[in-house]
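One chain, chain A, links the two complexes that follow: it is found with chain B in the first and with chain C in the second.
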Partner chain A sequence: MEELLKWKEQMRSTKKNRITDKITQHIFLGTALLSASFIFIVVGIIFVQGIRPFVTDNQGLGSVNLWSFLTGDVWLIGATFASNLYSVGFIIVSTLFIALLSLLVSFPIGVLTALFIAKVAPKPLAKILRTVIETLAAIPSIVYGLFGAGIILQVVYDVSALFGYQSKGGNSIISVVLVLALMTIPTITAISEVAIRSVDKTIEHGSLALGASNTQTNFKVVLASAKSGIFTAAILGIGRTLGEATAVSLVAGGRRAGISFDIFDTTSTLTTIMLEGLKETTGLDYDIRFSVGLVLMAVILLTNLLLNSVKKRVGSVHVR
Partner chain B sequence: MFDNLKKRKLSDGFMQALTYLSSTVSLVTLLLIFGFIISKGSSFLNLNLITENYESQGFVADLYAGYELCDCNASGEYLEDGFYSKKWGIALVDSTDLLGKNVVEVLYVHQDSPFQQLHDKGIGTDPIKMKTDYDIIRIAFESHATALSRHGAAQMIEYLNANDSIREIEFQTAGGGIKGSLITTLYLIGLTLLFALPIGVGAAIYLNEYAKPTKSTKIIRSLIETLTGVPSIIYGLMGLAIFVPLTVSLTNATGGNIISGAMTLAVILLPIIIRTTEESLKVVPDEYRQASLALGASKTQTTFQVVLPSAIPGIMTATLLAIGRIVGESAALVFAIGTAIKDDITLTGKSTSLAVHIWAMMTDEPANIELSATIAIIIVLITILLNIIIKIISTRYLKRKLGSAYE
Partner chain C sequence: MKKVLIALVGLLTLTLAACSQTSTSATTLVTYDGSKNITVYTRDTTSGTRTGFMEGIGFAEAATSDSVLVTGFLIKDNTAILNALSIDEYGVGYVSLSSVNSTVKGLHFNGVAPTEANVINDTYGLKRPFMWMIRPAGDYPSTTVEQIVQAFIAFLATSDGGDIINNAGAIPLPSTQTWDQVKGNHAVCNQNNSGVVLRIGGSDSIQKVAEALTKAFTPKCGNFSAEHDHTGSSDAYKRTNDPAIKDTSVGKDIGFSSRFFRGAELTVAASIRGQLAWDAIVAIVHLNNPVSNVTADDLKNMYNGTYRTWNALINR
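Right, the complex of A and B next:
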């Protein structure tokens, strides 16, 4: 009798356990689904708000023409000029131009630093440099922006004065490029270093056995074998470049019209133009920021797709 | 043959030099950044900075009837640094305040000085006390020219010595402090973790402990991973469009506030917390789970009492990474909280974090580089400290893991 009671008790607790197990599992599933759903919320809300300027008449200003928005070269603030002539065509161009230039600076430096840390440097030096890179990676972007505004602007101003330019306090494409390049070097270095160090030793040994010098092996064999990982570093670097906002806004200077490839000229990027209309709370001036956000997401997505397809092609080529 | 070797040596040397040169760039950058923020910002770096309000508070006061002039002797250092009035028991010095303006600062007030008790001519009724670090704007006398701060401390003391009474004195608290933004940042850290940790850790537990390797699990994983690629300014826009209206309708907030900022940051941090926690769950040996289940514990008990405690170092790492990101985040918060620098902080009121404080001051005219650099020092110190702690945790944890494996 007693045993039966005990058994019943046990069964009951097992049943209870099973129910709590089910409940906890569903709670955990809920948190996972919630986390996964945020990407839809982000994209959805930017999309819904971002297409408003194109489909409503913006409180009498008239709807913005999508084609001229994407291709035009004038950014007129709606309320001030009572116009709907917002366009980001020239800003898209300058954003991509800046991203490309900053990658041209940061990519070789980052990869060579990674090679130095992984293969060339004596161990203690490599350790110090790794700490330097980690520290640089941890410094928040606003501090890079402050550094840019305090030092780089001054240097650019002085250098441009040497060439006879009158740059606007140093606010220019080249300042933005330098700030962004400094910011992305640690990212590129860290990822490239992992890629370089994971290169199979036998490939290196093969190259050395064939009579190549250490340096030749490093540059012609190791770097080539780590190509895929290094490319990933470049993709991440360009992603950070395109999305960076506050640091860039401190050195860009702001440009409202016309494409300019003059590196001493002021500029705007998609992110800085979003920050400019900060004080607006209603109407077209408010909504247009979401449209720019939509364009920014599209630009980042397309760049990533393009680079990834290039990576697939380049990465599959074997070492020669 | 030898010619070729020579050529190779030359080109090898050149290539090698290139790698050395590239590495110098990072080193120089770090040194330049540190040098810049320290040289510009260290002069403001003291305790006043974090206890002081940003807006200075002004007072107009006079003396209570029946005050007594003192004949206070003070030790010599006040005479050396500034100017001391024996009669009034006060030492003044020319200085610059946190905002970089030239002011006459109170260096010392003797305990018997008549300035120890002043009558507030404004709305306040309590007697006010002159304290060190206050800035004196002007002192007006009954029948003497008024002493103004722009004429310097020496003249002010000279005028004070020439008079036995004052008509009124105007002064202000120092101002330019970052107390408000510091408190906001701390609130943000607390609230964001409160939102993000349960959801993030829960999702990590689901993905590692419960989910079967099906296609839908893979989709959930990649959706969460996609969040890391979204730039933070886009999150800021999302916070502006969802969380700000949400908090405005639920609370008495009128615009961006700490809660909406924390919610936005929580979304940004989710993928980081989930990934780091999952990594630490992965290294919990399966034997632990099997042993617990074999002893009759339910799956829930196993998860909470066996798996989670083993994953605590990973969760701590995730928390520290999250704090670092919160302290440094600026673009998202510009939209999700706003850029108003405030001193009285409420959860639903306007305020701003340290990083945005820098941005707000740098986009203002004229830009305040000195105070920005001071805040930058604080932010960089915090992030470096966090990094060191993370390293200590992970190496200790690794050692313990390896140690137990060898036993």
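Right, the complex of A and C next:
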């Protein structure tokens, strides 16, 4: 009899638990749907706004030609508010060029710093450096922009003058690359460091036991085993360089025509072209910035897909 | 551990030393080389300052078009142009008079120095208008708000309002009336308006002036409160008269613009828009630049690419 009562009691509590589980499940589903729908709403609105210049006649200006928009090398031919000849072809190229250059600067520095913190530095120093890197990663981009406008422009201007080259007040690709590299090094370091620290100790010990030196082990075994995580760091780094607007616009110089690969020449990125004048403008000149936003999203998506496929090919733990 | 730290500190000092060395040597040792290219700095095509400047130098088509400018120009905002001209010895740019400081050299325009006094006595020619626009009659949150707006616009045209505009760095239009003479027409100012809010927006170049004006006018008109939200010249029209926007949460009772109204903005009745002041624009160069006076044509020739080097101006 007593046991039966106990059993009944148990059943009741399990039932209660089940109901609570159901409720929490539904709450979680609700929040997930909410956040997911925000993404759809944002992308949807930008998409609707962004294709408007191509499908409407833009209050008499005529629709923008999609092909010449994507391939042209002058931002706007003719007068603002009176012309529909917009194009971002050259800006797409310079955006990718800048992202690549800044990754070339920040990736080796970031990964080697991470290796130093994770494997080489004595514990207390590693702790300090880790805090420093985390702090740097948390600094808002506008602060890096101000540093760029105040210090990097002057240094680039003076250095190029030393070589007899007249730079335009330091506003140049190299300044943008330096600012972006400064911004991405902490991100790359922080993520690579986690990846390096999570490398299985037995692999490392195996390498050391076979007679490899510490340096050989670090480069050939540790970095090789952590390459998947390090690649993730690079992907996030490139995401940050492609998406940064404020800091870049302070040092880019606002180029409006022509592709230039001269690192001392001025430049524009998709983000700066969206930002400059955004607050003041109307009509097509305003709507076209949403189209640039669409192009930017497409560029980021394609870059990420490409890098992810490369990452898959590179594989995770695979030591030679 | 210690060795590493010492090495780090040493490296840091070396880098800093290298940085400071390069920046001082280049600015002090290099003499001015007029054969260098002129670097042209400009605001973007939506800027009211750009419109004011380009129209002022007789190059109006460049106000909204980048295609007519010399190739290789740079687009920057107000502060960034000031910053750039403190670095770039061969640059030329323009900013509003109130933002000129000692880090750059303000050029005389047609022989007249860019000073507030010369703007007030109307000898300095390079200036742009400050305009206001209000909602259509009867289209306000309440009649009290409408009456206060009317009183405020009347105040702008008095010498009392002019003094405030003057103090805020712009030049008011000439006025003969004082507020005491016209306040009889605005009975609303005799009552307590402390619960009433006026929504003010438009050009951010005018924000300083507009804030000074409402601050001075509030005690004269029943202590109403003013809510300033300045987003750009185009919003002067959009947020007061554009049917799609004026009744949304960003709608305004008074909008300011730092350029003359244009296009659709001119369809608004003339009685609910007008001018309150002038703002002066100054062409600026690096402190090392020997040029100190320019004409409208000089500036136009620099901006359209006829003059490529500073010698074109120095060797005249």
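Assorted remarks:
One rule holds in what follows: the second predicted complex is superposed on the first by the 279 of 320 C-alpha atoms of A that agree within 3 Å, B and C clash if a C-alpha of one lies under 4 Å from a C-alpha of the other, contacts with A are read in each partner's own complex, and residues count from 1 in each chain.
Keep this in mind: a contact is a pair of C-beta atoms (placed from the backbone, for glycine too) under 8 Å apart; a residue touches a chain by one contact, two chains touch by 3 or more.
This one's a predicted model, so the numbers in the text were calculated from it and none came from an experiment.
Aligning the two structures on chain A places chain B and chain C in a clash. Shared-chain residue A:Asn171: touches chain C; no touch with chain B. Applying the stated contact rule after C-alpha superposition, one finds that A:Ala121 touches each of chain B and chain C. Look at A:Ala32: by the touch rule set out above, it reaches chain B but stays clear of chain C. Of the two partner chains placed by superposition, chain B and chain C are both touched by A:Leu250.
After superposition on the shared chain, chain A has more residues touched by B, the comparison being chain B against chain C.
Of the two partner chains placed by the overlay, only chain B lies in contact with A:Thr24; chain C stays clear of it.
By the touch criterion defined above, A:Val132 reaches chain B but does not reach chain C. In the superposed pair of complexes, A:Leu162 makes contact with chain C only, with no contact to chain B. Within the superposed three-chain model, A:Ala149 lies in touch with chain B and with chain C [touch as defined at top]. Overlap of the chain B and chain C contact sets on chain A: residues 121, 149-151, 250, 281.
Residues 17-18, 20-21, 24-25, 27-42, 45-46, 49, 108-110, 112-113, 115-117, 120-121, 129, 132-136, 138-147, 149-151, 182, 185-186, 189, 213-216, 218-219, 239, 242-246, 249-250, 271, 274-275, 278, 281, 289-290, 293, 296-297, 300, 304 of chain A are the ones touching chain B in the complex.
Across the complex, chain C is touched by residues 74-83, 121-122, 124-125, 149-151, 153-155, 157-159, 161-162, 166, 168-171, 250, 253-258, 266, 276-277, 279-282, 285 of chain A. Put simply, chain C touches chain A in their complex at residues 1, 4-5, 19, 22-23, 25-27, 30, 36-37, 39, 41, 44-48, 61, 64-67, 71-77, 80, 83-85, 87-88, 90-91, 204, 231-234, 238, 263.
Those residues of chain B that touch chain A in the complex are listed here as 8, 11-12, 15-16, 18-23, 25-27, 29-30, 32-33, 36-37, 40, 198-200, 202-203, 205-207, 209-211, 219-220, 223-224, 226-227, 229-235, 237-238, 241-242, 255, 267, 270-271, 274, 298-301, 303, 324, 327-331, 334-335, 339, 355, 358-359, 362-363, 367, 369, 372-373, 376, 379-380, 383-384, 386-387.
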